[in-house]
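Two complexes, one shared chain (chain A), two partners (chain B, chain C).
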Partner chain A sequence: MRKLMLALLLATSAANAAAAEQSATTVIPGGKFESVLPPAPGVKEVSLKPFQLDRRPVTNAQFATFLKTQPQWRRDKIAHIFADDQYLSHWQSPAEPRKEDLQRPVVNVSWFAATAYCESRGARLPTWYEWEYVAAASNTARDGRDDPAWRQQILNWYSRSGRDALPTVGSTPANFYGIQDLHGVIWEWVEDASGMLVSSDNREQGDPNVMRFCGEGALTMEQKENYATLMRIAMLSSMKARYTGGAMGFRCATGGRDGK
Partner chain B sequence: MKRLLPVLACSATLLLAACSQGNSVPVAQAAAPESDTGGSRHGDFGPPQGEPIKAVLTSPPNVPPATQRNYPAKVIVELEVTEVDMQIADGVTYTFWTFGGTVPGSFIRVRQGDTVEFHLKNHPSSKMPHNIDLHGVTGPGGGAASSFTAPGHSSQFTFKALNQGLYVYHCATAPVGMHVANGMYGLILVEPPEGLSPVDHEFYVMQGDFYTVGKYREKGHQPFDMQKAIDENPTYVLFNGAESALTGPRALKTQTNQKVRMFVGNGGPNLVSSFHVIGEIFDKVQYEGGTRFQENVQTTLIPAGGAATVEFHTEVPGNYVLVDHSIFRAFNKGALAILEVAGEQRADIYSGKQLDEMYIGDKMASMAPVAEAVKASSTGQLTKEQQIQAGAVLFKGTCSTCHQDTGQGIPNVFPPLAKSDFLLADKNRAIGIVMNGLSGPVTVNGATYNSVMPPMSQLNDDEIANILTYALNSWGNKDGTVSVEDVKKVRANTKRPEGAAH
Partner chain C sequence: MKRLFLALMLLAAVVRADAPESVYQLDATLTNQSGERHHLDKHLGHPVLVTMFYGSCPMACPLLIDTMRSIERTVAPAERAKMRFLLISIDPDRDTVAKLNELATSRKLDTSRWTLARTDETSVRKIAAVLGIQYRKLPDGGYNHSSIVTLLSPDGTIAYQSSVLGTADPELLAALQRQP
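Our next item is the complex of A and B:
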C-alpha cells in the first residue's frame, strides 16, 4: 500500500516540480553530540549517521499538493483518531489553504498526517536526536548551544505572542548546515515525539513520565540552561499524536539511522 | 470556642509534662484535646453535597465573595491560560503567560472540604504547553502532571481541598522558572469551615520579579532574559504584574474606619518579599494557612511560592504605600502600590506637618544681627559691619554645612570660599550662584569640583547681600561689599526656572 502511494506520487512529481524544489534537502554529516536527553544513564553522547533533512519546513502549498493524491488526509475526510478538531482549521476549504498561507509553514497538522506526508515522499520525520543535533547549530558554529547570544536569540521567539501571523518559510538565516527556520518560526514534529516522552517501551530512557513535569525533568535533563531545547521537549511531550497546534509544523528527513 | 483551644491545649501540655513521671500519663493523654486543628486529617467533611457550584473567579486586585457555605460542595473551576502582550511599565511591553489573562492569575475561593473539579484550558494561540500546581492540593505534583495541556486543548482533574489556608498556584511546565517569571501564578483561598471574619474590604495583591533583556524602563517590547533570571537579578519587582497596576487611577481605594484584609502572595520566581505598608501596622498577620495569627506586625516576610493574609484598620486618611521593604526594589524596580484612604482628618491621631523651620543645631546663634541689618537697610543706613554680622549668622544656618565654618569647604567635594579665586573673581556670578544654584564642574584654586549646589530660593535679596558680604570679608578675604541693589540687578537679569520660589 505504501509502495503504491509512493509510485503514485512519483508519477505526479513532474507536475509538482515547483513544490519539490522547495523541499530541497541538505546532507547532514553524521557525528556525536550531547543531547539534553541522555540516551541512557551514564551515557552522554549520541551518535548519528549521516542523513538528509529538508532545508525548510513543509508549506501549506506542499501539503495541499499531497492532499490531491491522498484526499483521505483532508480535514473533512480524516478519521477522528488521526487528528483533533483543529486539524487544518486555518485553511479556507478542505482542499485549499488561504492564498497568503501558501508559502507559510503548514501547521495544525497531527503527527499522523505529518508522518503520512513524509512517507508519500519516501521520507520520514526526523528523530528527536536528529532534530536536536541540527538545531544545536548556530548560524556560524556546529554547536552554538553554549553561546549566550545565540541562546537569547532563540528564546526571543517565546517572548512574542502566538497571535502574530507566521512568516513564510526561509525567512530566517541558514544555520551552519544550511538549514532554515529551525528556531523562531514553529514547533516541529519528530518521529519519536510520542515514544520519547509520553508512553514508550524504551526502558533505556528511564521513567517515560519524567518530562511531564519540570520538577522531575530538571533532575534528569542535561544542560539545564538550555531553555530553548527544554521548551521543545515540553511542547512535544504535551502533544498526543492526533493533536494539532497553531504553531506546530514539520519537515522531513531521509537516510540516516536505518538507511531508508 | 476556637480561640479557647490553644489555651486548653497549652495547659494540657503542661499537665502532661508534669505528670509524665507518674503512671497517670495515659489518663492525661486521653483527656488532652489536640493542640492543632488537625490539618488535612480533619479536612475531609465527606462527599460533596448539593448541586455543583461554578466558582466565581476574579481578576486582581478583586477577591471573590465568601462562599457562605456550611457544607462541602463540588466546585467547578474553569481557568484559561493565555499568552498576552501587556504593559509592564510605561512604554514597555512584555509577553506575559497568564492564568485568566492577568498577572497574577484569577483568584480562586473555595471552602475546606470542597471537592474541586479543575478545568485548565490552554488557548489555541498559546505557543507553550502549560499546567498548574496548586499548593492547596494534596497529591503528587499538586495537579501538575494531571493538568499538562497542549495549546488548543484542555484538561480536567479533581482534588479535595483538605487544608484550609491561602495557597499559591503556579505553572510547573519545563522550564518552570521561565513560566513563573512570565507571570504564571496566583492565589487560591481555602476558607476554614466557619469562614473568615467579616471585613469591609478584601484585596488581592501579589508580588513577582521580572527579567527583561532591556534595562529598567527601557522602552519597547522586552524579551525574557534567561541569564538575569538564573542570576536572580531582576529588572522589575512588581505588585500585580505592572508598574502602574496599583497606582494612580488604579490605586486600591478604601475609607477611614474600615477593616481591610489583603491576601498577599509572592509568585517569585526568585525573590522573598519583605512586605510592608508605609504608615500602617498590620493588626493581624496569618502566615500561609495558619489558624493562629501574629499581631502588630510592621513588615512580614512572604516567601517565593508563599502567601500571608494581613489585616488592618484604617484611621487616618491619605495615601499608604505598599512596598517590598528590600527598599531598592520599591524605588528602583517598581515594587510600589498605593492604598488611598478617604475620610475626615484625624488630627488627634496624626497631625500632619505642624512646623517647618530652620534647625541650626548647636550653631544656634542670636538672629539679632539679622533683624538689625534688615531694619538698617530699610532706612538706608546699613553699614558694611552690620552686613558682615548679619551675614555671619545666616552663613552658619545656610552655607556652613557644605562650605564649613572656616570657609575651607571639603576637599574634592565642596569648594572653598576662603581665598577662592572663583568667588573673588566675579561678584555677580557669586550672587547668581546663591540665587540659582550651580551644578557641573568648576575649577577653584586649581582644583576641579563637580557637585551640585541647590538654589538658595529661601533667601531674600537682603540675606543674599549680607551672606556674600560676609564671605567676601572673612577667612582672609578682603574684598568689598554686595549691596541689595547688586542682588536685585542680578535677579532682574536671571531667568528663573519655572516653579522656583521667589
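Our next item is the complex of A and C:
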C-alpha cells in the first residue's frame, strides 16, 4: 500500500512537472507584418501588440487535467451546441486519454472547448493574425516566407500522411521565437476562426442586393504562393465553432490583442 | 391571479433553458440600454428575434432594426405581445450603455419588448458562435458581419435564421407562427 502511494505521488509530481513545462509560454514582441489576409482593401500591414504564446500545443494530458476541474466539458457531459459527436472520441474513456496519447496534442476539440480551456488558465486563443505572424518565422528569421527552402520544408510537413499517428508535442524544431509545432503537426483553432469571411465575402462582392454582411471592405487573399497558410485559412473558415477534427488542436495566448 | 400563477408554473415546466439545442446553455451576461445586467436567457419562455449589430454601422445595421420592426408590425397583436427583440452589440468598445440608450430613444424602440445589449469581447465571440454569426473588425473601427435575424423558440433553440433584409421574411413569419 505504501509503495502504491509512493508510486502515485511520483506519478502525480511527474505529470505536474510535465504539464508545467509544456504550458511554458514565450513573449512575442509586437510588430508589423503583411498578412495573406489584408485587413481591408488597400491596407497591407497588420500591427500587433506584444503577447505571450504557448511554446507547444496543448496536450491530451493537460486537457485531462482541465476536465477534472471543469467536468462539464467531458465528452459524456458536454452540451450538444458546444461540440459535435466526434469530440474527444479518441480518448479511452470520458476522463482519460490513451496512455500513448498523453504527450500528443489534444485534437477532436471544438472552438468552445478550446476557448474554455484557455480561459481556465486566464488565457485565450491567439487571434489569426497573431498565429500567422509567429508562423511566418523560420528557424532562423523573423519572416521566412520568402525563403524557398523554408517554404519547401513547410510543404513537406503538410504532405505527411493523415493516417500516421500524431507526433508528440515538441517534435519539430523551435522557430525564430522559440515556438514549436506551428507547422507539420496539427491545425490550430484561433480566436477569430469564424470571422475570416473569405468565401462569403468574395462571393458577395459587387452584389449590393445581397447584403448579408454589413461593412464596406471585402477581403482578398494575397501572396497566393503562400499555399500552406492559405490552406489553413480555408480549413478554419470551413469550421463551425462546435466542429471538431482529428488533426485540429490549439494552443493559448495571453496579453495584447491585435486590431486595437 | 391564481390562474396566472398556474400558467406560469406550467410554462416553467415546459420551457427549459437546457433543451439540447438551446443557445441559453451559453453562460453569458449582457448589460442592457438601462445599465441592467442579465443573463442571455432573460427572455426564456418568449419567442425572441435576436441579431448582432454595432451602433456606428452606416448601412446594414439600421436596416436590421427596420427588418425586425417590420416583422413586429406584421404579426397579430397577441403574438406581438409575446415577442421579444434582442440586439447584441459586437462593438463593446464604442457601444456603451449611454450609446445603446441613445439608439433606443432615437429609433423609438419600445423597451418593454426591445433590448439593446452589450457584453465583453469574449462573450461577443461566443454568442456569435452559437448563433453562427461571423464578424471581423476592420482597421477603420467598423466591422464586417453577417446580417442575420435569428428566431429563438421559447426554450432558446434556433427556430429559423433569415438573411432577408428590409421586409418581413415570409419563411420567418411562418416559423414564428409555429412557436408555442
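Keep in mind that, in the parts below, the second predicted complex is superposed on the first by the 217 of 260 C-alpha atoms of A that agree within 3 Å, B and C clash if a C-alpha of one lies under 4 Å from a C-alpha of the other, contacts with A are read in each partner's own complex, and residues count from 1 in each chain.
Please note the rule applied: contacts are C-beta pairs under 8 Å (C-beta built on N, C-alpha and C of every residue); 3 or more make two chains touch, one makes a residue touch a chain.
Quick caveat, the model's predicted, so the values are computed rather than measured.
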Chain B versus chain C as contact partner of A:M235, first or second or both or neither: first
First (chain B), second (chain C), both or neither touched by A:Q152: first
First, second, both or neither for A:W111, with chain B first and chain C second: second
Partner chain(s) touched by A:A40 [first = chain B, second = chain C, both, neither]: second
Contacts of A:Y227 with chain B and chain C, given as first, second, both or neither: first
Which of chain B and chain C A:S171 touches, first, second, both or neither: neither
Partner chain in contact with A:Y243 - chain B first, chain C second, else both or neither: first
Touched partner set for A:T69, first chain B, second chain C, both or neither: neither
On chain A, the residue positions that both chain B and chain C contact, one per complex: 211-215, 217, 240
Residue ranges of chain A in contact with chain B within the complex: 84, 86, 148, 151-152, 155-163, 187, 209, 211-215, 217-218, 221, 224-225, 227, 230-231, 233-235, 237-240, 243-247
Interfacial residue positions of chain B with respect to chain A in the complex: 83-85, 94-95, 124-129, 131, 133, 141, 144-145, 148-153, 172-176, 178, 213, 221-227, 230
Chain C contact footprint on chain A (complex, rising order): 39-40, 43, 79-82, 111-112, 115, 119, 124, 191-192, 194-197, 200-201, 211-217, 219, 240-242, 257, 259-260
Residues on chain C engaged by chain A in the complex (per definition of touch): 18, 20-23, 25-26, 53-54, 57, 59-61, 63-64, 93, 121-122, 125-126, 128-130, 132, 134-140, 142-148, 163, 165
